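The letters A, B, C and D name the chains in turn, as written, and every chain counts its residues from 1.
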Amino acid sequence: MKKLINDPEAVVREELQGIEAAHGDLVRVSYDPYYIVRKDAPVQNKTAIISGGGSGHEPMHGGFVGVGMLDGACPGEVFTSPTPDQMAAATQAVSGGKGVLHIVKNYTGDVLNFEMAADMARADGIEVEAVVIDDDVAVKDSLYTAGRRGVGTTVLAEKITGAAAEAGASLSEVAELCRKVNANGRSMGMALTSCTVPAAGKPTFDLGEDEMEIGIGIHGEPGRERRKLASANEVAEMLAQPIVDDLPFRQGDRVLAFLNSMGGTPLIELYVVYQALDKYLRGRGLTIERNLIGPYITSLEMAGCSITLLRLDDELTRLWDAPVNTAGLRWGV
Amino acid sequence: MKKLINDPEAVVREELQGIEAAHGDLVRVSYDPYYIVRKDAPVQNKTAIISGGGSGHEPMHGGFVGVGMLDGACPGEVFTSPTPDQMAAATQAVSGGKGVLHIVKNYTGDVLNFEMAADMARADGIEVEAVVIDDDVAVKDSLYTAGRRGVGTTVLAEKITGAAAEAGASLSEVAELCRKVNANGRSMGMALTSCTVPAAGKPTFDLGEDEMEIGIGIHGEPGRERRKLASANEVAEMLAQPIVDDLPFRQGDRVLAFLNSMGGTPLIELYVVYQALDKYLRGRGLTIERNLIGPYITSLEMAGCSITLLRLDDELTRLWDAPVNTAGLRWGV
Amino acid sequence: MAITAEQTLAFIRDFGDVIATNKDFLTQLDSDIGDGDHGINMNRGMRAVLAKLDSTNPPDISAIYRTTAMTLISTVGGASGPLYGTLFLQLGTATQGKAEISAKEWSEALTAAVHAVEARGKATLEDKTMIDALEPAITALSEAVADGADLEAALARAESSAEQGMKATIPLVARRGRASYLGERSAGHQDPGATSSWLLMGAAHRAFGNGTS
Amino acid sequence: MAITAEQTLAFIRDFGDVIATNKDFLTQLDSDIGDGDHGINMNRGMRAVLAKLDSTNPPDISAIYRTTAMTLISTVGGASGPLYGTLFLQLGTATQGKAEISAKEWSEALTAAVHAVEARGKATLEDKTMIDALEPAITALSEAVADGADLEAALARAESSAEQGMKATIPLVARRGRASYLGERSAGHQDPGATSSWLLMGAAHRAFGNGTS
């Protein structure tokens, strides 16, 4: 395992120290339990939004705490859901009297822990709503299973709901908006390499020199299928087609195209994939009206990418364009 | 070689197509010869700034074209300096009558090609100044050699001179400012892994599982020494100490700390390094007043990081904070 | 003889030990069909539990279980944290106010605890989860206790049923937890949570089975 | 007999061929002490040169050299692009207006060309660059021509001096080009640019040496 770390057990704590040192103008960090909140939290009379999940997906979620996006984030150990006490404490720390939205990615661990946390926060008299993001078309959706994973749409939901909350929306409005984003967003990812969880010390899976995994999540899980390495053009289509077919998107739809690096894939390759994605979507009659390209929801140092498409309307576009000032996303300020 | 590409020979062209498709609101792309310019180029009565160099360092330089930073960028083949005809054409395309600054990284290839390009542009009646960035303390500085490489300070110089040019500074003022940034900036980098030039198909160098290279550049060149893998804290000190000793920085100096990923190192590790860097610099009596953390001057998918410190004064801080709107850096707009 | 607080402590400690010994094995199983952290998660949690038990010295059986539960909930995270947390919390509730527990009481408490895990995680038999080890274990345990078997024999049957249930997860296609994302590819691998649950039943067997009735 | 335009074309084509054949070798050398692209760069350039010569059919020796130069300059990039570009540009200047070139003229033209490369790159002997192959080659060539050797013999001596110069780069510590960043670690490796320059002298030998005087 080759990583710039000190002690596999200390990665998350030291990461938080780094975030605190670097972004003290934007956020405050709590170490017991672990959470990150806006510098000015709690903001009175504003619906607050927190999210959380295992670490290893940076900049998500801690990098999205700030004006116009999240009020707080709870980092778990690497790829491990945070615990209810963290979420409950963060909920308390951001609560400004208008309620708190929990944005939860659909993983058994995240859902169960956030459920417990919501119970705890409600017991403290804080109004809490939870919205579960489940946008990964690589996973078959079924009532009899855990359902789809929550992946790239989470980033977009955090930005868009954050803008609405900043503009004064109520908890139920923000929650409704979050469900709308989830309903209109779909994702799919792939990996060229595995990643190594620091505490495990070796790659989660092995991939041959000429193989790739299609349909991976963001935790180094193996994907739905292993395939022969394909070209960037083919990969773009393999990911985009099931997304477009799933929603279903319609001719003339405007979309936000979010092309994400899993961590180890550099920008030069993302742009090669983007030209293919752009062509493919044109061919399907879709217009990319906004885009986001880079490592935003990563899987440690995994090489690979994911595509998220969000169907836009005027409301979503306006909220996407609204100012945001976080370590990971910044514009308009 | 595992990369999201189609054809090793087509990487740069397809990357440009991706950039054009993604950032058509910010830039225009020329394919013959290759260059990227601001959407509104040439801006009349503004000193223009171009840079360029081999591809594989994304977002540098193409991702830094836009309001408040570069007017144009010339991408060469991967890790290969662009050619004089590209630079001359880009110079022409951005020239708004107040002259054009060439920001050149100190590599024999870049320097020689930019020299030829400046000759060509001057022959066309355009006033050109070139400033060579040579900030890499890993390389011994000597009159009898090619001197130091240009690395991380380039990004900072492009941002800061871009702000000055936007505010109306003359060519000679912008060039002088660029020399000032270069004089006050120092960098050093390290690698945990090699990278693979697409056209070469295999890693430029081999590193054992327990080895790292200290003092690498940004082209997959081996470094000054190969060492046993060290902790993030040790790495931060190995890189920061020669920088601080070189400038020399003084007790109480305010600095911009730029912690850069070489491409394959994810943000989680950068923050672990950052906490160590922050502690180390405090110990040396320096205050980090601004920071930039992420993959900004990369070496394809190489894992590793580099540190750049720029000594700040009020002028540099103000220009750093000025609005910028590029694909790679954005704030204030 | 019934189960004492001392034995309850021994049970938790034994579980902590086998988790530590099997940490890499559990993580490996989770790498195959999950995200490769089950051993790490459980071990982090159980180390914290053992430290907490040492430092707080809970006064009775219920308090031991509740301390274990709260510590797991606040240190494990992931799916297994709330699920094992729920299991121990329910054991704490079921043993409230009791200085000792009979075989029948233990069988009822564990049954209630497993049902609480099912309610929280919504998994049923053959979803390829810890339930596949726990559910056969409580069935065997309560049958054995009803048959009048002594605690040692009943716990032996519970442990071996858990083992069978764990092995039976191998061919299954997962429907809950991360492994479900793999679809058909999850078949052919043993479920990590079922494996830690089998270890749990082994720890109970060793701690409670020795000379009790 | 003197060197003709046809032979000049053969020289460039031969150089293109040996570059193609040695592409991976040159790249490997550059991986050891540079950035691993010298073979790729030179091959990209020479393929473009050959295509350009085919499509434009330059009318005379000087035009052949100038076309080669301009194409290298606009397609190679890196350090070698402007340096080889300068070399061929100077050959073009020195051969301006000449339908054929004598051994002495060729020797003088090449000497001027190498000096132009030195002026552009500021490298001198033992900096571990292409100069270490080129400088011995022009010295040998001009001495041989002064001694009255025929072109075949003179070019053979130039080629073998280039080879010696190339090999002599192995122990050197680089002072110019990317290899200089390695400091002491650059010793023990053969310089890629000196190697391509030796290939250049080989191509000249084969193209001009055959039955000319």
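One rule holds for everything that comes next: contacts are C-beta pairs under 8 Å (C-beta built on N, C-alpha and C of every residue); 3 or more make two chains touch, one makes a residue touch a chain.
Worth saying up front: this structure is predicted, and the values here are computed from it rather than measured.
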Sorted by label, the chains bordering both chain A and chain D are B
Relative to chain A, the most remote chain by C-alpha centroid is chain D
When centres are defined as mean Cα positions, the distance from chain A to chain C in whole Å is 32
Whole-Å distance, C-alpha centre of chain A to that of chain B, is 29
Averaging C-alpha coordinates per chain, one finds the centres of chain C and chain D separated by a number of Å equal to 76
Multi-partner residues in chain C (2 or more other chains touched) are none
The positions of chain A in contact with two or more other chains are 78
Among line, ring, star, complete and other, the chain contact graph is line
Chains touch in the following pairs A-B, A-C, B-D
Listed in rising order, the residues of chain D that touch chain B in the complex are 27, 31, 33-37, 40-41, 44, 73-83, 120-121, 175-178, 180-183, 185
Contacts from chain A onto chain B in the complex sit at residues 2-7, 11, 14-22, 55-56, 58-59, 63, 78, 192-193, 209, 212, 229, 231-233, 235, 263-276, 278, 288, 291, 293, 295, 298, 300-301, 303-305, 327, 330-333
Per the touch rule above, chain A residues touching chain C in the complex are 33, 54, 76-85, 107-109, 112-113, 115-116, 136, 138-140, 144-146, 149, 197, 199-200, 204-205, 217, 219-222, 224-225
